[in-house]
Structure formats: structure tokens, C-alpha cells
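Two complexes come next, and they have one chain in common, subunit A, joined by subunit B in the first and subunit C in the second.
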Partner chain A sequence: MKRIYSSAHLYGRYISVILRSTMQYKFSFFLMVTGRFILAFNGFLGILFLFSGFSTIREYTYGDILLCFSVIQMSFAFAECIGSGLKALSGMIRRGEFDRILLRPRSPILQVLGTKFELGRLGPMITSVLTLIIGILKSQAEWNFGKALVLAAMIAGGTVLFLALFILGASFCFFSIEDGGILNILTYGAKEHGKYPVDIYGKRFLQVCTYIIPYAMIQYYPLQYLLGKTEHWQYGLYPLASIVFLAVCYLIWLLGLKNYKSCGN
Partner chain B sequence: MIVMDNVCKSYKVAKRNAGLKEACKALFHRETEEIQALKDVSFQIADGEMVGYIGPNGAGKSSTIKILSGILTPDRGTCSIDGRIPWKNRVEHVKQIGVVFGQRSQLWWDIPVVDSFELIKEIYSITTPAYKDSLEELTSLLQLEEILKTPTRQLSLGQRMRCEIAASLLHRPRLLFLDEPTIGLDAVSKLAVRDFIKKMNTEHGTTVLLTTHDMQDIEAIADRVILIGRGKVLLDGTLQDMKQLVKQENMEKKAEEGKNFKENEYIQADKYVEENANGEDKERFDNLDQVVAKLYRQLDIL
Partner chain C sequence: MKKYLSFFRVRFSTGLQYRMAAVTALTTQFFWGLLECIIFKVLMESNSVAMPMSYSAVVSYVWLKEAFFALFNTWAADNEIFGMIVDGGIAYEFCRPVSVYTMWFSRSVGSRMAEAALRCGPVLLGALLVPAPYKISPPSSLFAFFMFLLTMILAMGVTVSFCMIVYMLCFFTISPVGWRVLLTGAVELLSGAVIPLPFIPQPYRQVIELLPFASMQNIPLRAYSGDLTGDHLLPAVLLQVFWFVVMTTIGVLLCKRAERRIVIQGG
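What follows is the complex of A and B.
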């Protein structure tokens, strides 16, 4: 418990240092916020235009899709804001900066996360909040307290899931000095496909997203529950599976770390 | 107490010829070559010793430092530092050591130095009174008062190196590894760094292991020199021992050359005269760089 507290405290200090540094590069911060905002807003426009031609897609209404879209956008923005240090890991290893991390008596992953905290990544948040509101109002869901909790769990679970994917991608850096191309397929792919409930891509795809990269757990299944499309109330608990996935990815990370130590860089 | 016992370490290095075609080939089939960075390296360093660790580029100096500091796991052999195995008890181990890499910074680039120090205090969980003590001492010894509030990126190399060294010592490690701490520094900064290291050793009994290419560093700091080449320890003794080794081999070589002189008059004659014309050995042995260069050549470890 004391360890967790001290880690959280240290993480807070890292963030404070990073924020103080980014204040010195205001223009770059502004650019990133704008860029990310436009990118996310484009996604929203795409959905808007799509629904000017159709009224439903596989029985999902405009509001349902926006709900799903906003959950994914929001969790991805949170995860990217916290986890951008992981994306920079391959560069750190190549430049030898990772050695310094191993020289300090703290968990390496905490220190890697502590190297970057990009508030600018929260640019899509503007779009996400907007679409979330429209989604909540216009979807087929009949809201109650439990469903609101499930919605929050979807966003939190999504953040955990994307963070886990970043960790997984970063772990590849320990085995090969090549950049994490695979990482991008996983994360950006999940983010792009995740705009829509994954079952619209077909059953096979749903299976992949359930058992392999489990983002159906934070998106498709709980959404079914929210929209009242299923009898299974358990679907509302599925976002918790993201924690299991995080644990698996963390184990792979530890394995990678061991490999790094035995072969250097 | 540091004990290295028959430590071996090899790396796999990808190998391919130049050219796009070769690069494409390497995509599918990668040829690797094994490079032995360390071959049966053994030595012991007692508490409070100051040891210079020298050798040409690529001799295995950095690998040794990395193993000693727990960043790398050796293939074979054992290493124990005050009873700890560095790569097994990493967290416990790194609390007791300080490492300075001359070519890399450990300070946060955009924030004032003192903010970096505070973060390090947090990382090492240094108590506030202990931190204040260390900071005060390091500030006065390394003359940091004026630069503490400057962001790292605005410091000169000499100023930055002084801060780097202070940053590595805030948690009062018993062991200090310095990897080329004076590289690129001007004369004044070099002297300041050397003096400081000696002071830490006399006042706190800090054990120092120093790698450098600057032989004056060694002369000023180290009582003992370990020479490594092609992954092997070739000499472990004092500077005097090192000079002796060069002298000896020099004599033997000259004797041999003297013999050749008769056989191959044309080529050897000039060389022989030149060698002797340089005056007696004494002068040459005052220039440590020449001694070391000669030694490297003699031992064929370049």
C-alpha cells in the first residue's frame, strides 16, 4: 500500500515536471490540440454524412453509433495522453536512455510513463464530449444509474485496454530494435474500427475482437446491454476484462525486460 | 567490495553487406555474428579504492560498467557487490550506486537543475534532512549555487557535468561508476571534477571506478589501473607497472630490431635512428598518452 502511494506520488511529480516543461512550448501544444481535434472531428463528420443516407446500420441508430464512437475516442485520448512515453520507448532504447531508467530504484514502467504526458492528446476530447452528449440523448438506451455506471466503465475499460496495447507494443522493442509497426496496427486499427460496434464487420471479426484483442469487451458487449439488445445483464461487467488483458500485457513486458537485460541494446 | 569472477558476455550483431539488395535479403534471412565483449573478466575492488578502467574503444569497458550496475546480465561468471548480485536485486543494488555517463544526461532538459534534483530525491526516496545535507555539500564542493536555478538546456557542458555528478551522488551511494566524466570539458572543469572525485573518496570513502581515455584523469585519480582489451583483462596494477610493461617490451623490440638492422639495412636503418634520436625513454614516458598508445599497439588490442 505504501508502495502504491509512493508510486502515485512520484507519478504526480513527473507530471508536474512535464507540464512545467510543456508550458515553455505553448505553440507546439496549441498545434497538437488543434490537429488532434480536427482529426477526431473528421471521424464525427464521416458518421454524420453516412447517416444522412441511411437511418440505421445493422439496427444501430445514429445515436447508438455516436455513443460507441465517443467511448472509443475518449478512451484512446486518455490512454494516449498517459501512455505516450510507451510509444517513445524504441527511441529511448536506441539512444541508450533506457539504461538510466534501469539505474533507478523504481519500476521501469512507471518511469517510462513518467517521461511523457501529452495534454495535447486530449484535443479529441472536445469532439468526444460533444458526441457523447448527442449519443446519450439520441441512442436507443433507456438510462438508469446502472447503465450510467456501465458507460463509465466502458470509458475506463477502454483506457485500460489501449494502455495495455501500448505496453504490448512497447514490449516488442525489447526483442527487436525495429519500431513498433505492429503496435500501430493494433492501436490505431482498434481505434479506427472501434468507431462502430464491431459486429457490423461480421462474426469472424467479432470473435477476433473478443478473444485476441479484446476490445469488443469494452465496446460491443456492454453496448448491447446499454441499448437493451440483450437479455444478458452480465454484458455490463465485460469492461472489467480489460484488467485481465492489462495483466497479460504486463507479463509480456516483464519478459521483454528480462530479454533486454540479457542481450543489451 | 566488488568481486567479478570469470564474467563472459557476448552480443549478437546483425551483419550484412551494403546495398539495397542486401538489405532486402536481410529482411528474410539475417546473418548474425557473435561478438565476445567480455572473456573471463575477473577482478576485485576493495571498499574505498579508486580504480581506473582503461582500454581502447570497444574493449568492453561499458559492458563491464553495465554488468556492475545491473543493466546487463552476463552469459557466464559471477559478480557480487557487497554481497548483492546486481542484475538480480536491481532495485536494492541501484540504491547503493551512483553512475555518471559523460555522454548522456540524466537531468530533465527544460526545468531548472534544482527541480531535477528534487525529482531525484523523490525517485530515491531520500528523506528531506538527508537531501538538504547532500545538496548543501555538493553545491559548495562543485560550486553550483549560481547554476541551480538554470534550466539544464542552458548550461555549458562543464556546468552540466558538475550537475550530473551531483545528481548521481544525492542519495550518497557507496560506489561511484564514472564513464568518461571529463569528455569534452575544458581544463578548469576537468580539474574541478577530478578534485571533487578525490574529495568524495577521502571524506566519504566512496569507492570509485572510472573509465576514461584521458590518461591525466587516471594519473590524478586512480591508484590502480585495470587495462582491458578485446574483452580480456591484460593488466591490473599501478601506472608504474604499466610504464614498466611498455619499457620492457620496448627493449625487447629494440634488441630484435638491432638484429634485423644487419639483415635489412635499408628500411630499418632510418627507423632505428629515429627511435634513438627521440632522446632517451624518460621523456617519452612522461607523456602518458604515448605510453598507452604504445601499449595498445604492443598488445595488439586496437
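What follows is the complex of A and C.
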């Protein structure tokens, strides 16, 4: 217990240092947040414009799609804000900075996470909150307390899932010095294409997203429950599966850490 | 002219070095294109309303966009230039007996073309091998193909001259990241990277089509499939030339101003 408390305290210190240094460049920070907001807003406008000519896409309405879009955007924004340190790991290894981290008597993953905290990544959050509100009002779902909980679980589960993918991508750096860019397909790809429920892309795709990378667990299945398209209330619990995925990715990280050979100085 | 050609050549051959990165990028681009094609197919099947573009035109648009992505994206600008502006390395650039604007312009064109040359082949091959509805169709006519090539060169010119303006603006703030994200963020939708511009309803579409961003990838990708042809094509090409001239002029002027008041940030 004491260890968890002191880790949290350390992480808090890391964040406060990073935030203070970000605030030295206030104008740039402002531009960055606005820019990221616009970038995410483009995605929303894309959906809005497409649905001005079409009314439904495979029985999903405009509101349903927006609900899905905002859940993915929001969880990705949270995960990227916390986890950008993991994305920079390959550079740290190449420059030999990771060796320094290993010398310190603290958990390596905590220190890697603590190298970056990009508040500017929260720019898309403005878009997600906006689309979430429209989505809640316009979707086919009939809201009650349970469904609100499921929606929150989808966002939390999504954050965990994306963080797990960032950890997985960072673990690849231990095995090869090449940039783990291949994982970008899984993270950015999901952010980009996850705005539509995955079953739209076909049955095979849904299977991949259920059993291999569990996107459907935080998106498709709970969404079916929210929209009242299924009898199975268990679908509402599926976002919990992201925790299992996180555990698997963390094991791979530990395995990679054992395998690590320094390559810089 | 010869020295600028060699800046182009240097960037072109360094660009060809990163083969591994190219392979990952290729996979990304292939899946990206495929998923996008599927979405448009489902959209068409779910609704009987008239589409603003034929499905085969949309498919060609999507695949060409992925294949020539490197020529037209505005956010993957030359990081070295931003780096130099921040760390003071820029001082060396100003020492050289060449025009900074033209030098950077040829560098950018070189690295973009190298990347596109590496990527377009495999992506287009993939686009030819996928099954029927998602397969890319040949250009609608020989004329359309020539217009595709011509407008593509112009579109790249407009894109690079836009990026040059972004580089120049970075001289006027300390940290360049903000400008970059803000400006390139605005371009995505307006240039037709999110959805093809014909899908944008009127009256917005009319206004957007006059902006410089519509003179980027929007024109060549639609000229290929014959979606943009005849009476609409000529004004579009003229508009491209117009924006290219305007943006280059703005860039050169900004460059002159920056040269006069430049402060080197360490180094």
C-alpha cells in the first residue's frame, strides 16, 4: 500500500514539473490545443456532412455513430495524454537514456510514463464532449442509470485498451531497435476507423476485433446493449475485458525488459 | 538551378534509405484504404439516395489518396527544418550562398517525391489485387490520365508552397509545434482528406472549392476517374496555378521579413 502511495506521489511530481515547463510556452500551447481540437473536429464534420446525404448506415443512426465516435476519441485522448512517454521509448533506448532509468530504484514503466504528460492532447476532448452530448441526445438508446454506467465503462475501458496497446508497442522496442511504427496501425487506425461500430466492416473483421485485439469489447458489444439491439445484458460488462488485455500486454513488457540489451551510451 | 537540383537529389536519396519505415507505412496505408472503401460501400448500400460521386470514382479517389499520400499531406512536413529553427542550426542555412526559400522548396519536393515513389507502387498493386468492388479502375480516358499527372504536379506545388508558409511563420514564434498543428489541422477537411469534397453539401462546398486547399489533392484524384472533367476541369487548373503563384509570393515575402529580423535561438 505504501509503495502504491509513494509511486502515485512520484508520478504527481513528474506531472507537476512537466506542466510547469509546458506553461512556459503559453501561446504555443494554446495553438496546439486549438489545432488538435480542429483536427478532431474535422472527423466530426466528416460524419455530419456524410449524414446530410444519408440517413442510416446499416441500421445505425447519426446519433449512434456520434456516440461511438466520441467514446473512441475520448479514450484515445486520455490514453495519449498519459502514455506519450511510451511512444517515445524507442528514441530513449537508441540514445541510451533508458539505461539511466534502469539504474534508479523505481519501476521503469512509471519513469517512462513520467517523461511525458501532454496536456495538449486533450484538445480533442472538447470535440468528444460535444459529440458525446449530441450522441446521447440523438441516439436510439433509452437512457437509465445502468446504461450511463456502461457508457462510462466504455470510455474507461477504451483508455485502458489504448494504454495497453502503447505498452505493447513500447515492448517491441526491446526486441528490435527499429521504430515500432507497425503498432500505429492498431492505435491510430482504431482511432480513425473505430468511429463506426466494427461490425460495419464485416463479420471477419468483427472476429479479429473480438479475439485478437479486443476493440469490439469496448465498442461494438456494449454499444449493442446501449442501443437496445440485444437481449444480452452481459454485453454491458464486456469493457472489463480491456483489463485482461492490459495484463497480457504488461507481461509482454516484463518479458521484453528481461530481454533488453543496451545499445547506446 | 543546378545547386537546387542537388538539394532535391540529396533529399531524394536519403528518403529512399528508410525502407523498413516504408514497409510499415505501406501496410497502414493499404488497410486504411480498404476500410475506407468498405465504409463508402456500406453507406451506398444502406441508402438509395443519389451519391454525389459514382462508387468507382470514390474507390479510385481513396486508393490514389493513399498511394500518393506523401505528396499531399501537410502535417508530415520536414522535421529537420523545424529542428533547425529551434536549435539554431538555421544560422548555417543563412550562411549558404543560396536562397533559403528555393533551397527548402527543392528539399521538400525531393523528400516528398522519394516517399511517394517508394509507396505508390505497392499500394497501387494492392489496390489492383483486391476483389471486385474495392478494386481500382483504370483512368477514365487517356486525356484524364494526362490531366491527372499535370494537376498532380500543380497540386504538389500548392501543397509545398503552403508548407513553406508554415515554416516561415515558425520564425515568428519560439516553439514551432503550435503553428504547425493549428494550420495543418485546418487543411485536412478543406483539402478533401477526410471525405471527398463532393460529399460536402452546398452551400459550404461552393466556398470550400475556391479556397487554396481545394487546389491540393482534390483536383488530381478526381481528374483521374473522370469525376472532374470538361467545363469544370479548366477553371480548376487555372485556380491551381493562381494559388500556387499567390502562396509562393507570400512565402517569399515572409522569408525576406524573417531574414531581416531573425534571432538565433542558441546553437
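Quick notes on this structure:
Throughout what follows, the second predicted complex is superposed on the first by the 260 of 265 C-alpha atoms of A that agree within 3 Å, B and C clash if a C-alpha of one lies under 4 Å from a C-alpha of the other, contacts with A are read in each partner's own complex, and residues count from 1 in each chain.
Going forward, contacts are C-beta pairs under 8 Å (C-beta built on N, C-alpha and C of every residue); 3 or more make two chains touch, one makes a residue touch a chain.
The shown structure was predicted, so the numbers you read here are calculated from the model rather than taken from an experiment.
Once the two complexes are overlaid on the shared chain, A:Ser262 sits against subunit B while remaining clear of subunit C. Residue contacts after overlaying the shared chain place A:Gly53 against subunit C, while subunit B stays out of touching range. In the superposition on chain A, contact is made by A:Arg106 with subunit B only, not with subunit C. When the shared chain is aligned, subunit B comes close enough to touch A:Arg20, but subunit C does not. If you count the residues of subunit A touched by subunit B and by subunit C, you find the higher number for C. Applying the stated contact rule after C-alpha superposition, one finds that A:Ile185 touches subunit C and leaves subunit B untouched. When the two structures are aligned on the shared chain, A:Leu45 is found in touch with subunit C, with no touch to subunit B.
Touch criterion met: A:Gly202 reaches subunit C, while subunit B stays clear of it. By the touch criterion stated above, A:Ser6 is placed in contact with subunit B alone, subunit C being left untouched. Here subunit A touches subunit B in the complex through residues 6, 9-10, 13-14, 17, 20-21, 24, 96-97, 99-100, 102-106, 111, 261-264, going by the rule given at the top. Across the complex, subunit C meets subunit A through its residues 20-21, 24-25, 27-28, 31-32, 35-36, 38-39, 42-43, 46-47, 49, 51-52, 173-186, 188-189, 194-195, 199-201, 204. For subunit B in complex with subunit A, the residues that touch the partner chain are 11-12, 63, 66, 69-73, 87, 90-92, 94-95, 97, 99, 101, 104, 106, 108-111, 115, 118-119, 122-125.
Within the complex formed with subunit C, the subunit A residues making contact are 25, 27-32, 34-39, 42-43, 45-46, 49-50, 52-59, 178-179, 181-182, 184-185, 188-189, 192-193, 196, 200-202.
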